[in-house]
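Pasting the structures in now, so scroll down.
Look for chain A in each of the two complexes below; its partner is chain B in the first and chain C in the second.
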Partner chain A sequence: MYADFLSKKLSDAGADEGCMLNVTVAGKTYKGVLMPHHEFSGQDIIILKMKSGYNIGIRLDESSQIEVVSRPVERVKPETAEETKKGLKTIVLIGTGGTIASYVDYRTGAVHPALSTSDMINAVPEIKEIANIKANVLFSIFSENMTVPHWQQLAKAIADELNNGADAVIVPHGTDTMGYTAAAVAFMLGDVSKPVIFVGAQRSSDRPSSDASSNLMAAARFCVNGNRAGVFVVMHDGSGDDVFAVHNGTRVRKMHTSRRDAFKSINVPPVALVDRAGKITFNCDGRPVSKDRVEVRSDMCQDVVLLQFYPGMDPVLFRDIFMKSKGVVISGSGLGHVNSNMVPLIKEAVDNGTIVVITSQCLNGRTNLNVYNTGRDMLNAGAITVMDMLPETAYAKLMWALANTKSTEAAKGVMKTPLAGEMSDRRVML
Partner chain B sequence: MSEEYEMMCGIEIHQQLDTKKLFCDCESNLTEEAAGGIYRRLRPTTSEMGEVDRAALAQFMRGYGYRYQSCPCETCLVELDEEPPHEVNADALETTLIFSELIGASVIDEVQFMRKIVVDGSNTSGFQRTSLVAVDGSIDAIGKKVGILSVCLEEDACRKIETTADEVTWRTDRLGIPLIEVATAPDMRTPEEVLEVASRIGSLLRATKRVKRGLGTIREDLNISIPEGARIEIKGVQELRLLPDFVSNEVKRQKMLVRVRDILRERGTKPAAVEVVDATEIFKDCDAKVIAAALKDKGKVLAVRLPGFAGVMNGDNKTLRLGSEMAQYARTVGVKGIFHSDELPNYGIEQSYVDRLREFLGMTGEFDAFVICAASEKKATVALELAVKRANAGIEGVPEETRDPLPDGTTRYSRPLPGAARMYPETDVPPTPIPAARLERIKNNLPEFPEQIEARLVKDYGINAQQAHQIVRQSRDDLFCQIASEFDLASVAATTFQNTFQELEHEGIDTDLFTYDDLYAVFSGLKAGKFAKEAIPAILKEMAKGTDLETTVKKLGLSAVDAGEAAAIIEKIVSERADFVREKGMGAIGGLMGPVMGALRGKIDGKQANELLTAAIRKLLGQ
Partner chain C sequence: MYADFLSKKLSDAGADEGCMLNVTVAGKTYKGVLMPHHEFSGQDIIILKMKSGYNIGIRLDESSQIEVVSRPVERVKPETAEETKKGLKTIVLIGTGGTIASYVDYRTGAVHPALSTSDMINAVPEIKEIANIKANVLFSIFSENMTVPHWQQLAKAIADELNNGADAVIVPHGTDTMGYTAAAVAFMLGDVSKPVIFVGAQRSSDRPSSDASSNLMAAARFCVNGNRAGVFVVMHDGSGDDVFAVHNGTRVRKMHTSRRDAFKSINVPPVALVDRAGKITFNCDGRPVSKDRVEVRSDMCQDVVLLQFYPGMDPVLFRDIFMKSKGVVISGSGLGHVNSNMVPLIKEAVDNGTIVVITSQCLNGRTNLNVYNTGRDMLNAGAITVMDMLPETAYAKLMWALANTKSTEAAKGVMKTPLAGEMSDRRVML
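Right after this comes the complex of A and B.
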């Protein structure tokens, strides 16, 4: 936000972003192109891009002068036509936003979502060598702003594409909540007959070191050569650009704030690794691709909450939440515990018809409420456990289970039955 | 430009700062402790027009990649491009502001960091973070005001460790060390002026007391042009004393190329077509090393005819050397070199081969020439294309280039001059406002100018102006003052910093690498009588190998000798030469000082030895 005097000066001079200006402050004149104002810049500062390419912030006052030297020349971006090559499979990209699908306007420095097909494909032209790519943008939001209706819309769009000739769908997605979306879509698409792959980027695609294009390439190669149906997440396996991991969409979690290999499969190995030459190494069996029609069951019950237990958690504070929700997922300590003060609240809620699902904030390992007194009390109160399911996955699954069953008991049964590889009762040393 | 001049030169100086790294909490050292090798690739990004740099993209598509080594205290996730940059290092910014005020530059009100795209792998991110901090300063040198166009604060790049056909290995210790970049106006007109200006900027940088010392911590880029020549950038000169050589050699080179141009134009030489022909058959029995080796590797000998180029590739008594320029272009693709007709027969290629090739190429014209290359067909073809491109550019004059400095003061072609840098905002680093009050405070507390420090040293410690100049030039003034006032050793310290250091430099020792603590310890030891001042050169020589002071003193057998012990040794020397002493009387002192110092050098000082020797002689003579 500019100060009032500065807004007025700029508009009086007709100085829009992109205009070449002469700005005179205290007898010194700077010439440069007006850049967008930075959120953290002072209100009396304007940013000019100098001929050298550097941006500088100049502080103006009432006596400063602004003169427009020239106006920006409108540039027209060349559009790339979609090409179709015979013999190649068809992959549809469904854009949702996030780092992977944004680009920087190098002229102004502003970050924009990639809005057109060509924007997205142009970032990785070599992808056209391995598949015919179609792209459309469903929405363009940061993943922290995703909501349940977004998941539902996305699942339907994926099913439509797969039922209309696509061999696979790749969903570029913001990484913060990509694990949640992948899990929710996995339940909605059930036994999907083709690969559906979520791909993100930890470094934006304006950077030469971005992981966006290499992740996208690995995903496309897995779609084309993997012969594996299901909902997956493909990201870097390590810090290097040489190995990429294919994770089951219900088993994956963002485990680092910034590293390229932030996504890890928890309690299971990644489904497969793809190297930079495209070689795929599988770690487990799965469903092969088939021609079956994809059915979507996208109903969700949104009266579900996800809570993390902490020492001193006070039932008084949470009573309303427990009583008003149809489902509560608790990320408990250790084997799945809450403190004993919370146990009566669990009982009250369960008696009131709420499903209380216990997972572990350890993430690694299975819950087990038979081992300690508190656990046994929790079971007696009516809480259920879901083996080694991730808290976020349990949250998405509980919403889906409540909406797609006729009774609380049936929903509990669904929670305890593996549907999309989200849980298992056997863990090995990894 | 109306002014008459022989050449024009501007300098860009990059000085490492002695702070932590610019955007993280890592140490800014170079180290041999390095591990790992994270594999990365850098993809040329699309421009605002949706276009990609084709040459860079072609390299990417060929699978070119980089490996990054990590170092224990010098690498964190920020260097590895796995964590966003932290806020700019406050000390580094402060030092840049101090320097900007020292040269009277206008500091930018709000500093914005930029990403300057660099896809050679030297930055893990694919860009260098850089900011313009001040503009329009000046320094007093070469008898006038020399303009300083800009002062930037930026990150240093990785160090190149190894290059193979499809990978470069980089070490991340240097990446992120803060650099001040100082760019002068093209105000210098002679090689000597370039040296003087560079020295002056160097000493002003050191006046901030926050810069690193030692080879490689300050690097200069030179921009040189002559009338009718072109702008040539010589990048990364590390040795200040070679600056005049680089400048004068470059002026000579450009003048030579202007002569070549005039000759070619007079002849009406037209750009040669790149028609590469296979001449392997002609050379199949040739013994020349390069050719035989290439053919053994299933390579080929390819040739191109160059009508009109005879005599300028290597002619007029070797003063015309377009051929050497062509070879430098060709070598960038990894061939050993090229041969051209001006230099043949030679290198084991006999006249008979030359004659057959001339006939094969149908060379009849007076100035017809040829160039050949022996290597794999693909490499040789590209090498010849580049060589011919360079030959043809000779008709136009001097091509704009970036050149690498060589240890002998000459340069080698590196790459075409880069176009305008592609820069866009580093959105991860917030803009830094520089309030007027901060600048006012800096202005009121500016460090002394070098000449002020020199005058103070002369006045306060009684050393001569030349010594003071040397001490300040080496940025040892704080240490000197401490030694002078704490140990009362001003004169010894001044001699050490001027004469002894000069001797050590001649022996190839980088005296910049002695730390403050090293040198303080030496003078502290001297004061405590652990050795004599005569031992200092030997001690420093040993310490330059990395030995600590205590070990050095032991190793050199300098452990303190008390006066009694020394007297006993001297009495022994005197008694062994009793006849000589009796014959010469007190005059024997001169003759005996040699053997005495031979036995006691470094253990006691000369004055004390003289006194003890006098006493011993008197004793013998019974005086």
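Right after this comes the complex of A and C.
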């Protein structure tokens, strides 16, 4: 609900949603398309979609002026029944929550999850010009609260949509753990035959410089024109505003707390770049889209932990965790090391049937336990390395490998076999 | 010891250490200065220092040819008594081990720690032209085995040398945990009045393309001409070979397992860049060198752990660690989050007197627990944030803060106060 003064101003100007407006506040004029009002936004705030694609929130007062510049050829009609246009591909949005589906309450500053994914679509009207969009909300949580059951439910929902006619699925997701979820879903969906794209936002939709709409649009363009099957993450690339990166879901990591280009492909280039006009530039080969049925293997062993090695790490303190877990992923130092005191604990855990997987806290580069004595001791203790796999991806994969094999040795074999582009066979050149 | 055939070839050619040689093997000729032979190197290997500053190891056979191109004006004299030149500053090297002080055994491929830091100096004869160099080996371990007592011993040794006339201290150190040690020593030495520089190598001294000599030389140049007090890390900058980065010891992280430019300043630019000619370009202000006595406060509380949050992290599994620790550093997701299940454990630990410090696994950017409900719940539970401090630096600082204050509240205050450039006051712009 807008404040009375603002409702009147909008009404007097004939300013409906979808109209291009000039809004003048304190001597400054903003030009943009009027977006739907969200119930959590302040009553004196209107949201304008700027030419750049960003939405900005503007606080108006009694002295502000609103002028209609033009009306949309086709009005934005929130909450109308979904229209299906022939010849367009069908993309299903499966909402999970997160900033991309959030609105700031300008009165308190708090961020609320959105109530409806259709709100999100209505904020990006141009997405309907390139695809038939269906949306459903699977859950609405901040991504730090995603758990293995959420991943499983999501993977099944994605497979169902793809097997029921969707040409692609886009998953709006909180950015905090989007990399973990993308990796987990990539292993669960295996050789998925169509694009599955995770997309987030670092600024909520009704904030100045929100990246929600532009990331969503870039993801949709890649779904429609990319002809590339797999699980991907699409977010801003670089600090500019014109290029979006398509990352392999098993190779991507959130590398900044707040920048719009926080997501980076690690150890590989992004799969592709998409510019604002929709032009796609691929950096690597991959699987084309096919009509194959999507099989989902969503079993996961939840007795897996992820630990960062640090100097002075005490095996006594961590013994219980090692002994109670079926899998331990360690992000070791440098080439993948732990201190010598930890090596007997690794051996004890391995002898107890635990799989200990070594990755590197350097994130970039590959592990190699054959260079130094510490590393060879770790190998002798039974630790395994996984080339240049990210610690977070190894965590998701180890859960999957333990649940989808019949023996510890088979699970180790799975860990060492690339399944979803998560590691490279290329030997390290020292 | 060289193999007999190789000793004879060197002797016949009159090729002493320090001579510029042309060495022809299998039709290819290498030009460089003959370096001392290390006992761990293969008997058929000679080490040449190339014009680029790199040392390469060349395996010779009976058919290889050695020709002396020129002799050094001043011969390299390994193991002679240290000479003191008037007018030059004094740099003390305090050896700790690591790749920079290591030699590969070409027979087995294993890397051995060096026996003597003077070996290292003798491999960089030009360092003696810019400073009087003294060297002692404090210990010789791989850095993954560094512990808090090693940090303490090292900080005291550095302070002793600086208070006994050294103008600077260079600490050759294994790269695996060099960032952690530099941060810990930075807090222990406080407002140290002279340069203390950690320097490592990603390739051992007798390997092709070793960066040991060039990193050491850049560190020495910064000591002599930088007029900047503090604790720094000097390593290659970028993939080229001409520029070296001087990092603040509390802001640096090993970000690649094997590249020579693995060390990156995070959230700040490097303090300075040093080119091969010794030209120093500063990126920020800092304290000039002074004659103040160096005070060392090396007390550390070792009951501190560093944990990475991950989706599904189980408070039951980690309860013991939280309750047994006086300090817990969590690298949370995004702005510093954990899942909602972990929040009661944070509260229980804080109520028990534990300090829980939140950093971000994104590494770049700053934490902010005021944006989302999860964050506010964490703050209400008693967790504290430390702006843009690295998780590893927070781990070292929390040990120091707990040992050098009289109350938990005072230690929290120390954590939130920049002491050694480890965090920025600037507010995040969302």
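FYI, the second predicted complex is superposed on the first by the 337 of 430 C-alpha atoms of A that agree within 3 Å, B and C clash if a C-alpha of one lies under 4 Å from a C-alpha of the other, contacts with A are read in each partner's own complex, and residues count from 1 in each chain.
Definition applied: a contact is a pair of C-beta atoms (placed from the backbone, for glycine too) under 8 Å apart; a residue touches a chain by one contact, two chains touch by 3 or more.
Predicted model only: the values in this text are computed from it and were never measured.
In the superposition on chain A, A:Ser258 contacts both chain B and chain C.
Contacts of A:Lys8 after superposition on the shared chain: neither chain B nor chain C is touched.
Of the two partner chains placed by superposition, only chain C is touched by A:Asp176; chain B is not. Chain A has more of its residues touched by C than by the other of chain B and chain C. Looking at the shared chain after the overlay, A:Arg203 reaches both chain B and chain C.
By the document's definition of touching, of the two partners only chain C reaches A:Lys324; chain B does not. In the superposition on chain A, A:Gly42 makes contact with chain B only, not with chain C. In the superposed model, A:Ser213 makes contact with chain B only, not with chain C.
Across the two superposed structures, the residue set of chain A contacted by chain B and also by chain C is 109, 111, 203, 207, 257-259. Interface residues of chain A, counted against chain B in their complex, comprise 28, 35, 38, 40-42, 45, 47, 50, 52-59, 75, 77-78, 103-107, 109, 111, 118-119, 122-123, 126, 203, 205-210, 213-214, 238-242, 257-260. The part of chain C that touches chain A in the complex is made up of residues 109-111, 142-148, 151, 174-177, 180-181, 203, 207, 254-259, 262, 302, 305-313, 317-318, 320-321, 324-325, 331-340, 360-368, 370-374, 391-392, 395, 428, 430. Across the complex, chain B meets chain A through its residues 38-50, 61, 65, 77, 80-84, 106, 108-112, 114-117, 119, 124-127, 130-132, 150, 152, 420-425, 427, 430-431, 433.
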